[in-house]
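Consider the two complexes below, in which subunit A is the common component and subunit B and subunit C are the respective partners.
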Partner chain A sequence: MVNNLQFESKRLAIKYFIVAAILFGAQLLMGLIAAIQFLVPGFLFEVFDFNVARMVHINALVVWMLYAMIGSVYYLLPDETEIETVGIKLGNLAFYILTAAVTVVVLVYILVQVGPASEFTIWFINEGREYIEAPRWADIGIVVVVLVFVFNLFATAIKGKQTGIVTVLMADVLALAGLYLAGMFFTDNISVDQYWWWWVIHLWVEATWEVFVGCLAAYGLIKIIGARREIVEMWLWIEVTMLFGSGILGLGHHYFWIGTPEYWWEIGALFSALEPVPLVAMFVHVIYDWGKETGLKEGSEEKTMNNSPAFAWFVTNAFGNFLGAGVWGFFHTLPQVNIYTHGTQFTSAHGHLAFFGAYATILIGMFYLGVQGKNGIKVLKATFASKMAISLITIGVLGMTVSLTIAGYGQVLVERAQMGATWQAYFVSQSLPWFVQGLGWRLAMGVVTFIGFVFLVKDLLTTSKSLRHIH
Partner chain B sequence: MSRKVVSVWTSIPFWRRSAGWVTGFAAVLLIWLTFDSMSQITMGTDADLKNGITKRVPAPTVINYKITYEMDTRRGHEVPKIGEKEKFFGRDDWSEEEASALLRLGKLASQAKNCMNCHTLLGNGAYYAPDLTKAWLDPAWENYIPMTGSTTKEEAMSKFLQNPSMYPSHERMMPNLGITEREAIGLVAFLKHMSSIDTNGFPRNFGRMSIDGVTGAIHGK
Partner chain C sequence: MEDVVLIRRPEIALEDFLPIFLSSSFVLIFGLFFVAIYTLVKMGKLKNMYMPFAYIFWGLQTYCMYFFAAKIQSNPFTIKVLMVTMVCYLILPHLYYYLNFRSEERYEQ
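Right, the complex of A and B next:
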């Protein structure tokens, strides 16, 4: 296939995007297995249990997003700095090492699953800590690979042009890499364990990843609709101020019930209540630029829009981030509510819409920028498959969220409010018609999402072929 | 930005500085609070337990004592209460070293067996199986004593963990994870220790089921 990319950095980005898309598919398949197990508990019992399906489901999610994020940086770096990325050979090597390591880790998860209660398991099978189950050898490998990436970014930024977007990215990626270290030790004190575990999970997802999304939105708006850099970068700094201002101490909302002191109630409530504010800013920013700052094509009144599928995903991000992370996050973040809703299907509902709305959407948008660049398409128009992909995936995830919210509502009322959160209370709530039907709809909507994913892959692979004659 | 900045609100340098200061301030505050939290959630010592000093996370030797979860009217929610001595696997004199080793084994087992991807611990994890925060205190174990042919709760728990699908409580069963007897004892110690952690009242109304099915749990009328 012809490759129209002039920069090695962008070619490397495409490799990252391809692995990310494959892992996205794996995530959805594992999600479907787990969703079936909720309804048919005997499905694959003692062969491929829920804990394994769920672990691969959430790990694939995290890893595909990290892949797509690294890919996005390699993709935008030549555009921003106007030079080839420094140390790209090393970057390529790191890509293959990382991919080999991820493959081994996934195979061990699936084939070995659990180990004896010893340090051996922690080093070589899994660490059993939600989201960061990767065994310790892989942790160390990941840190090394990420350091190569951070080095490439910094070396390139120092040598080339330093825009606001690159400056924010440099700070953000450094923080992201550093935080991973907070989750790499063993302690028998579960309160201490959970305390540091949230430094990785929360400070990634609700601080550094959100800032990262701000950078991608900024880059995308300039690239796709020709928004003016000054306006975009001003918004980016506003968003960074508000995202870090609310997100860092918003960490407190995870410290209500893990053994930590009560003052986290107030701190967590206040700062996590502020967390939706920057998401409104990001929302306004995208819509504002779309309406007001869209560049005009030279010599005509026609507005520039050179990649409509990517832009559709960017706009979905503005909505999805606000709804999923902002609204769904806020409605159970206050301790008075959270003491009943914590660790129920409410959490799951919020998780699904937030990860999709805030991250999946914009990263898929980046895939489309990659497809456009790789095939040298001047104006990438939406095809039938692109429209089906975005509609089905969005409807699917929204549907899953609503179903899980309803299931969670029944669960909270019966298990937590009525019956006192015991083992029996738990299983009574799991048998409620509201709960079971909610989980049924979740599975149905999961299937819709998966069909949307099939359309997405088809579109990403073929959209270039149907359009090649245009340029 | 045009060279003439008309308002500070549209000035990039202003927002860049704000981002730096706000981030720095939030990070410093977080680090400061972390030092305080760490000092409060470090495990207590055996001496604390003997002298009746309450710690948010007590010493591993808490397995030598009876633990209950009771309403504290001053704090307005339930807290774990450490009571008189209670036998744990036939002994109430587990030394500091023995108890620590047991707890360590149990915590390792909870990770090695991937408990968190079905259960929640302190409310975090997956939602496929019950929360384990106060599992040691769960009234359901009373039924498991006769079911497993045991004489004590800890023995019943240990037998269940070694062969969970033999004693199902619900069609959604726990799989056999190859938990050995030693690991099971460690896990029970880990669960008993976790039930003694002061979780600020989570889960609320634990074990206080409404009797008439209408009024809600005891503290939630």
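Right, the complex of A and C next:
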């Protein structure tokens, strides 16, 4: 197939997107296995236990998103800076090293699974730190690879044109890479250890990743509907200010569990309440820009949207971000409520919709921008497969979220509020009809999501061959 | 003997869980309706007569925020700060569109 990309940086981005899509599929498969194990605990018992399926499910999620994020930066860099990415050969080398390392780590997770719980386990099997369980050798390797990426971004931005999007990305990626270090050392005190570990995932998802999404949304709006750079970059800066403020202090709502002083309850509660405001602003900005830009171009022959599938995913991002990170986050994470909801299926409901709505959607949108660029398509229109993909994946994830919320509600009332979070309470709640049926529906909706993923892959692979596209 | 520091944990009544989950969700949903209607009117996609509905949604949102904060037993100072925040949220879209229209006027000149 002809590759229409002029920049090596964009070609590298496509490689990142391909691995990201493969890992996305692996994540969904592992999720399905774990969902079956909830209902049939003996399924693959002692062959592929729930803890392993869950670990690979979550780690594949984090890693595919990081792959897609790095790919997105390499994709947009030549457009923004107007030059080829500096150190692109190093970038290519880092890609192959990272992919080899990820493959080895996943194979160890699947084939070896557990170790002697000594230093050997920490170095070569897994570190046992939820969401970032990579063994220490891979941890260090990831830091090196990310440093190469950060260097490439900074060197290119300094040499080329420095737009607002690139400047925000520079600050954001530095924070994203730096925060990873907080999860790399151990302390003997589990509370202190958790304090640092929380910083990685929670400051990633509540601050740096959200700002990152803001950058992609700004770039995407300019590329897809020709939004004015002044407007989207102005919003980007406002979002940066608000997200760093609310994201960092809002993190206090988690501190309830790790023995920090009581004043964090109130600080965390207040700033958590403010966290959705930038998300609402982002949504409004999408409608406003879209309305203004279509309005400006009324009556002209010029196409106002040149990539319908990508735009559909970007709009889904605005809604999904608000619902998943906003509504589902706000109603169960404040400390006063979180004491009852923590670790129940509520957390899982929030996690599923937030990761999908806030991140997966916009990154899939970037996949479509990559396909458009690679195949040299001027106007990419939606196909049957792309409509099925977005519909089934969105319905599937929303369905999973609602099912898990119902299961979680039963769990909160019986396991936590009525029976006081005892061991017996846990087992009683696990057999509640609402809980069991909720998890049954979660599995069914997981299957719907997976079918949507199959349509997505088909569409991404065959989109250039469709006659409905206008070249 | 050292003083023992006790952290008081709020006890939420069983019948309060559902109102808490619903009211906190409505804080965000009504907030979205407020800015969405306000924005659509400013864009000219909705007539001016719909603007009062935006303020009604802001009122509902503020009530839900107060109700929710009281139900989870937030301390009185936090509730006051949250109410001030709601006033800021009321002003924010006005400020944004004022600045936006002024800058567009200058841009077009």
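Keep in mind that, in the parts below, the second predicted complex is superposed on the first by the 458 of 471 C-alpha atoms of A that agree within 3 Å, B and C clash if a C-alpha of one lies under 4 Å from a C-alpha of the other, contacts with A are read in each partner's own complex, and residues count from 1 in each chain.
To be clear about the criterion, contacts are C-beta pairs under 8 Å (C-beta built on N, C-alpha and C of every residue); 3 or more make two chains touch, one makes a residue touch a chain.
All figures in this text were calculated on a predicted structure; none of them were measured in a lab.
Of the two partner chains placed by the overlay, subunit B and subunit C both lie in contact with A:Glu262. In the superposition on chain A, A:Gln418 makes contact with both subunit B and subunit C. In the overlay built on the shared chain, the residue A:Gln37 is in contact with subunit B alone; subunit C does not reach it. Judged by the touch definition given at the top, the superposed model places A:Tyr340 against both subunit B and subunit C. Partner contacting the larger number of subunit A residues, of subunit B and subunit C: B. Within the superposed three-chain model, A:Ser118 lies in touch with subunit B and out of touch with subunit C [touch as defined at top].
Within the superposed three-chain model, A:Glu230 lies in touch with subunit B and with subunit C [touch as defined at top].
Contact with subunit C, but none with subunit B, is seen for A:Val280 once the two complexes are overlaid on the shared chain. By the touch criterion defined above, A:Phe331 lies against subunit C but remains apart from subunit B after alignment on the C-alpha atoms of chain A. By the touch criterion defined above, A:Gly128 lies against subunit B but remains apart from subunit C after alignment on the C-alpha atoms of chain A.
The interface of subunit A with subunit B overlaps its interface with subunit C at residues 230, 262, 339-340, 417-418.
Residue ranges on subunit A touching subunit C, taken from their complex, read 230, 262, 266, 269-270, 273-274, 276-277, 280-281, 283-284, 287-288, 291-292, 295, 322, 326-327, 330-332, 334, 336-337, 339-340, 409, 412-413, 417-418.
Considering their complex, residues 1, 10-12, 15-16, 18-19, 22-23, 26-27, 29-30, 33-34, 36-38, 40-43, 56-57, 60, 100, 103-118, 120-131, 133-135, 138-140, 165, 169-173, 175-178, 180, 183, 186, 190, 194, 197-210, 213, 216-218, 220 of subunit B touch subunit A.
Residues of subunit A touching subunit B in their complex: 34, 37-38, 41-42, 45-46, 49-52, 54-55, 113-119, 121-122, 125-130, 133, 164, 186-195, 197, 230, 233-234, 237-238, 240-241, 244-245, 248-249, 251, 254-265, 267, 339-340, 342-345, 347-348, 416-427, 430. Residues 7, 9-10, 12, 14, 17-18, 20-21, 24-25, 27-29, 31-32, 35-36, 39-40, 43-45, 65, 72-75, 77-78, 81-82, 85, 89, 92-93, 107 of subunit C are the ones that touch subunit A when the two sit in their complex.
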